[in-house]
Structure formats: structure tokens, C-alpha cells
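Notes follow once the structure below has been shown.
For clarity, chains are labelled A, B, C, D, E and F in written order, and residue numbers in each chain start from 1.
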Amino acid sequence: MGDMERGRARYGEGAADRLLAALSGLGSDLGRYGVAFNFGEIYSRPGLDLKQRQIASIASLVDIGGVEPQLTGHINAGLTVGLIPEEIVEVIIHCVQYAGFPRAINALTVAKKVFEQRGVA
Amino acid sequence: MGDMERGRARYGEGAADRLLAALSGLGSDLGRYGVAFNFGEIYSRPGLDLKQRQIASIASLVDIGGVEPQLTGHINAGLTVGLIPEEIVEVIIHCVQYAGFPRAINALTVAKKVFEQRGVA
Amino acid sequence: MGDMERGRARYGEGAADRLLAALSGLGSDLGRYGVAFNFGEIYSRPGLDLKQRQIASIASLVDIGGVEPQLTGHINAGLTVGLIPEEIVEVIIHCVQYAGFPRAINALTVAKKVFEQRGVA
Amino acid sequence: MGDMERGRARYGEGAADRLLAALSGLGSDLGRYGVAFNFGEIYSRPGLDLKQRQIASIASLVDIGGVEPQLTGHINAGLTVGLIPEEIVEVIIHCVQYAGFPRAINALTVAKKVFEQRGVA
Amino acid sequence: MGDMERGRARYGEGAADRLLAALSGLGSDLGRYGVAFNFGEIYSRPGLDLKQRQIASIASLVDIGGVEPQLTGHINAGLTVGLIPEEIVEVIIHCVQYAGFPRAINALTVAKKVFEQRGVA
Amino acid sequence: MGDMERGRARYGEGAADRLLAALSGLGSDLGRYGVAFNFGEIYSRPGLDLKQRQIASIASLVDIGGVEPQLTGHINAGLTVGLIPEEIVEVIIHCVQYAGFPRAINALTVAKKVFEQRGVA
């Protein structure tokens, strides 16, 4: 379970909390899979550094759309691993080519809310 | 920038306001792209008239799903350029073939709220 | 209209109510199509039993994402036709392979709210 | 069934053929629903004219992505009901705002193939 | 690894082969995750029987769209675990409510091809 | 147009060629927008380096699904700007959390084909 701890650190606390909240009661296995698979496996892998992984995660969530809680979590996680607000915004702007304007604009709104809550940017 | 003014008029104020709100602070370039590209280029093009463009926009937003703020904006814009509520509703009903019932029903709920706010239909 | 009554019983009241709410005013034809097509045709067909149909519906809504009202309706409907909470949660966990973690986690949150409201699980 | 004939004429033969091909053997009910619901109901409705309906259909198929056979069918149908190639292309360009560049570019490729096959544009 | 064997049997050989093909060379970890997570964990879980799991999988793949290789695999798997062609077709028809007609029609085409290859239906 | 040249270099030739092919005949404006907006604006922006932009692009295309030509183009572009095959594969594996297994497995198949064509990995 050392992997899970390492993965959790890399995953970012914002997003991790949501998964962990799913760990109690019915369906707790989904939280457990998220922790073990996402933290313990994916985020613990070498090959990409922490910032690169959060770039890929934020891009994914902008493109999928309708997953604001996870986008909030991963923007927080991005800041935690050292992405600066300008880089996170740049990922969102970059994705307008693929996700279209509505999803990109909505993601920017989420990002600004996170920055404000953390008092950055 | 004449194009932008022309585009803005064609785009509809509801949807335009959201883009313009993105024009300040971090990520203001995304709002600027939206204004310059969507207003200044796309909505300023000949080939389709204003009503036809809003039909395509509303259909797109029904199909994409999860973009209620933009759907609200473009339903307002559709009314502004002369679509009647019955035509907007008909676009939503038409799209049930492609978007499935859940997204179409949710879009109809958004449309009725806009009509009520504007006191039409 | 016997078919519609039969279909309605099979569809589940939670989801049916939403369609029926769309039956008045502008766009009432969409509600009418939903009732006639979904209830009267699809849910009235033999070939799959009631539980199997709700498994397919809940899986669909997890995968589509962003359709919480319908997911709420069909989780209620699933309980009504005899699926137990553990089975509904299992469908959601199953779909993580296809829908990814964010949509599955969000669906689990919806399910837990329904179970709590109905005092099951 | 007069409605179905009327609907079929409005739907366009390209897209209709695909549905009708589904009318034999297993699953023929899906083809039958498509004919009865899409042709007989949706495309037979007043409120939008034939060109407006094909604009909404083509926009929908660009946005959904991955449905080339239907896009081919509806671009053919659009031409049949009187849209000119420039208008069909303009719908595709319009949708780049919502569907992103990859889906719009791929749809343009489909459209050009249809125009070439029909010797228009 | 007993779990993996059990999972593989439940997953169906058609779909399993595709994952296993990903097990060699670059990216073999993705195949390994698919085998360990999908077979070893998800498909090995109690709570839903084999037929119920394939109903949820086939529904998911119809709704997601554009994943024909996996749809082919899981329709094969569905037959292997005892779903009859009529039930598989019924799942596809059921999903037209959520996935829209284009994706459902395309899925039916895939299903018919599988049935023909296996000489069933 | 200096920007466009700079953008093109950053965009990668594989993906650029596809846009440029759209530059002739009907709809050439879509290619022109792609070149001017994607190359000339987005890919020319500071804030993210070339590798980071291709990570975001490849992640986006894995998540969207059904856009193999663009995925091929951007995997080529990723190699051109200095991502190594192991990093590209790692982005695809990372995205399985968001895109699900079918889209990730299909993207891996595309990547392996590109690597083979270029004789890398």
C-alpha cells in the first residue's frame, strides 16, 4: 500500500477526497478501485511526471464535459503538484480546439472559482 | 472590428454576454477568441441566415448535452433573431432522434424557463 | 392505450413523472412521444424482463453522463421493478470500464441519494 | 401510413435506405421504429421546413461524431430537399464552435465525397 | 490469478482476445490492467450474473459509439454466456431511447454481422 | 503569417497536412480557420511548451474517440516535437481513467501503427 500513498500524493488531495468519500457504505468498492487503480497504479507509474499527468487529466475532464466535481479536484491537484494558474488556464484554452467553446468556457469558469478559493491568481 | 460588432449582433446577446464575461482576468484570451472567432468569423459569414445559424447552434447544444448555460444563451439568441418559441421547441423535438430522450427532455426544460423569463409562449 | 399503461408500469414512476411533466404546454409532443414510444413501445416489448431493461437503462445513463434527473428516475424505477440496491450499485461499478471513473463516481453519488430518500440500503 | 410516405419523402432517400435495410430479419423493429417515428412522426411535423430539418440533422451528426453512414445519408437528403452544397458546408463550418476541429474536418471530408458522387460542387 | 481465469471466462473470449493482443510490446501494461481490472476484478464480482453483465456492457458500447471492435467482442461474449440473439438485439433496440437512432442502427449492423459469422439467427 | 509558420512547426506535420488538405475547394475556410486558429493562435501561444501541448492534444483525442485520423496526426506530431514513444503510450494509459478501456485500447492500436510506420519503438 506504499504505492497507494505515493499515488495519493501525486493524485492531489482535492480529487482524492472525492474518491475516498465513496469508500464507505454501498459501492465502497468503486472508491477502493479508484484509490487502488488510479492512485496505486496509474498515478504511481513512471514515464510522465506529476505535472504532465495533471495536464492530461485536466484536458480529459474539459473534453468529457459535465464532470465539474472532478475538474475542480484536478485543478486543485494541478496546483498542488506545481502547475501555475497560467498553465492550467492554458491547458483549458488549448482544448477549445477539441472540446468546442461551450465546454472550454465552462471549464474556465470552474478554474477561476478554484483559483479564487485558494487565493491564487 | 466591424466584423465583431456584426457578429455580436448575429450571435445574440445572451450567449455573447457569457463570452464577454470571460474576457477579464486569467484566460481572457479564451473570451477574446470566442468573440473574434465565433462572432467575428463564423457568425459573420454569409451562406446561412441568422435563423439557420441558431437552428444549427441549438441543435448542437442539445446533442452535446451538459451545456445548459450556452443552451440558455442560444435560445435567447434564437428569439432575438426572430425564431418563434414553436420553432425552437421543434428543433429540440427534432433532435430527439440523435440526442436521445434524456438530453432532449432536459433541453426542453431549459427552453421553457427562457420563454417564461422573456414572457413569450 | 393499454400498452401505455403497461409500459408505464414497467418504466417506473420516477422516470415516468418527468416525461409526463413535459406533457403540458409547448413541446408537449416530446412528452407524448416519450410516453408513447418509450412506455408504449420499448418498455412494453417482450424479450427482456423488467429488471434487465432497467439494467440497460441505468448503464446507458451512467455512460452518457450529465443526465442526473433521468438517472434518479431510473434508479427509482429499478428499485420499483425489484432490483436491489446492491444490484444497481453493481451496474454502476460495472460501467466504470466504459464510462471512466468520473461519471461512475458521480452516478454512485446519485444512487446513494435515491437509496437514502427511499430509506433502503 | 400516408404519414410514413410523406415522412420518407422529407427524410431523404439516402438516410431512409439505411433504415429500411434494417427492416428485415432480426431487429427489424428498430428499422420499423425509425421509419414510423423518424419519418412518420418527426419529419412529418410542421413547424420547421425541410431545409431547416436537414440543417438540424446535419449539425447533430457533426456534433455526435462517428456516425459517417448517417451523415452521408443526411447530406444526400439535404441536397434532395434543396440545400445547396455551400449551405451544407456552411453548417459543418458553423458546428466547429461546438464539435471541435477534428469532427468538423472529418464531416467536411464526408460531405466532399457525397458532392463528388452526385457530381455537384 | 485464479480470479483472472474466472474473470476471463466471464468476460467472453472475443473481447478478451483484443485485450490480450495489447499485452505485448509497448503499452502492454494497458492490456495487463484490462485483464487484471476488468477480468480479475469487475467480471469476477458477485452481484450480477454473467448475462446481466453482458447486458450492461453491450448497452454501454451502444451508447458510447465508435467502439465497434469492443461491441463485436461483447456481442460474441454475450452469446458465449448464454444470451440469445433476440435478447442482444433487444438490448440494442432498448438503447435507442438513450443513444439515438444512428448509434443504435450501427450497433444492430454489427450484431447481425456477428450472428452471421457464428451461424446463429 | 509568421505566426502560422511558427504554429505549423509546433503543430506537427502529420496533423497539419490533414488541415491543409481541407484548404482547397468547398469548405476551404474550415482548413483556413484550422491553420490560422489552431496553428497561428493556439499552438503559437506561450505558457505551455511543445511537448505539453501534444500531451493535452493526444489526451483530448483519446477521450473524444472516433477521431483516428487526428490521433494519428498528433501522435506523429508528438514524436516530432520530442515526445518519446513511451511517453505517448503513457498518456494513453493515463487516460483510461477518463475515457474507459475501449477508447484507450483503440488509441493504443493507433499509436503502435504510427510507431511501426516511423520505425520507432
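Everything below uses one rule, namely that contacts are C-beta pairs under 8 Å (C-beta built on N, C-alpha and C of every residue); 3 or more make two chains touch, one makes a residue touch a chain.
From a predicted model like this one, the values you see are computed outputs, not experimental measurements.
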item	value
Partner chains that subunit C and subunit F have in common	A, B, D, E
Chains touching both subunit B and subunit D, listed by label	A, C, E, F
Cα superposition of subunit A on its sequence copy subunit C - rotation in ° rounded to nearest 5	120
Matching chain pair for C-F (criterion: over half of the contact pairs shared, by residue number), options B-C, A-D or B-D	A-D
Type of subunit C:subunit E copy interface by residue overlap (half), same or different	same
Centroid distance [mean C-alpha coordinates] between subunit F and subunit D, Å	29
Subunit A and subunit F: spacing of chain centres that average the CA atoms, whole Å	22
Touching two or more other chains - residue numbers and ranges from subunit C	29, 33, 37-38, 45, 61, 64-66, 86, 89, 93, 96-102
Complex contacts: residues of subunit D adjacent to subunit E	18-19, 22, 25-27, 29-31, 33-34, 38, 61, 64-67, 69-70
Sites on subunit B touched by subunit F in the complex	29, 33, 37, 41, 45
Of all residues in subunit F, those that touch subunit C in their complex	96-102
Subunit B residues touching subunit D - in the complex, by the definition given at the top	37-38, 42, 45, 47-48, 52-53, 55-64, 86-87, 89-91, 93-99
Complex contact set, residues of subunit D against subunit F	65-66, 85-86, 89, 92-93, 96, 100-106, 108-109, 111-112, 115, 121
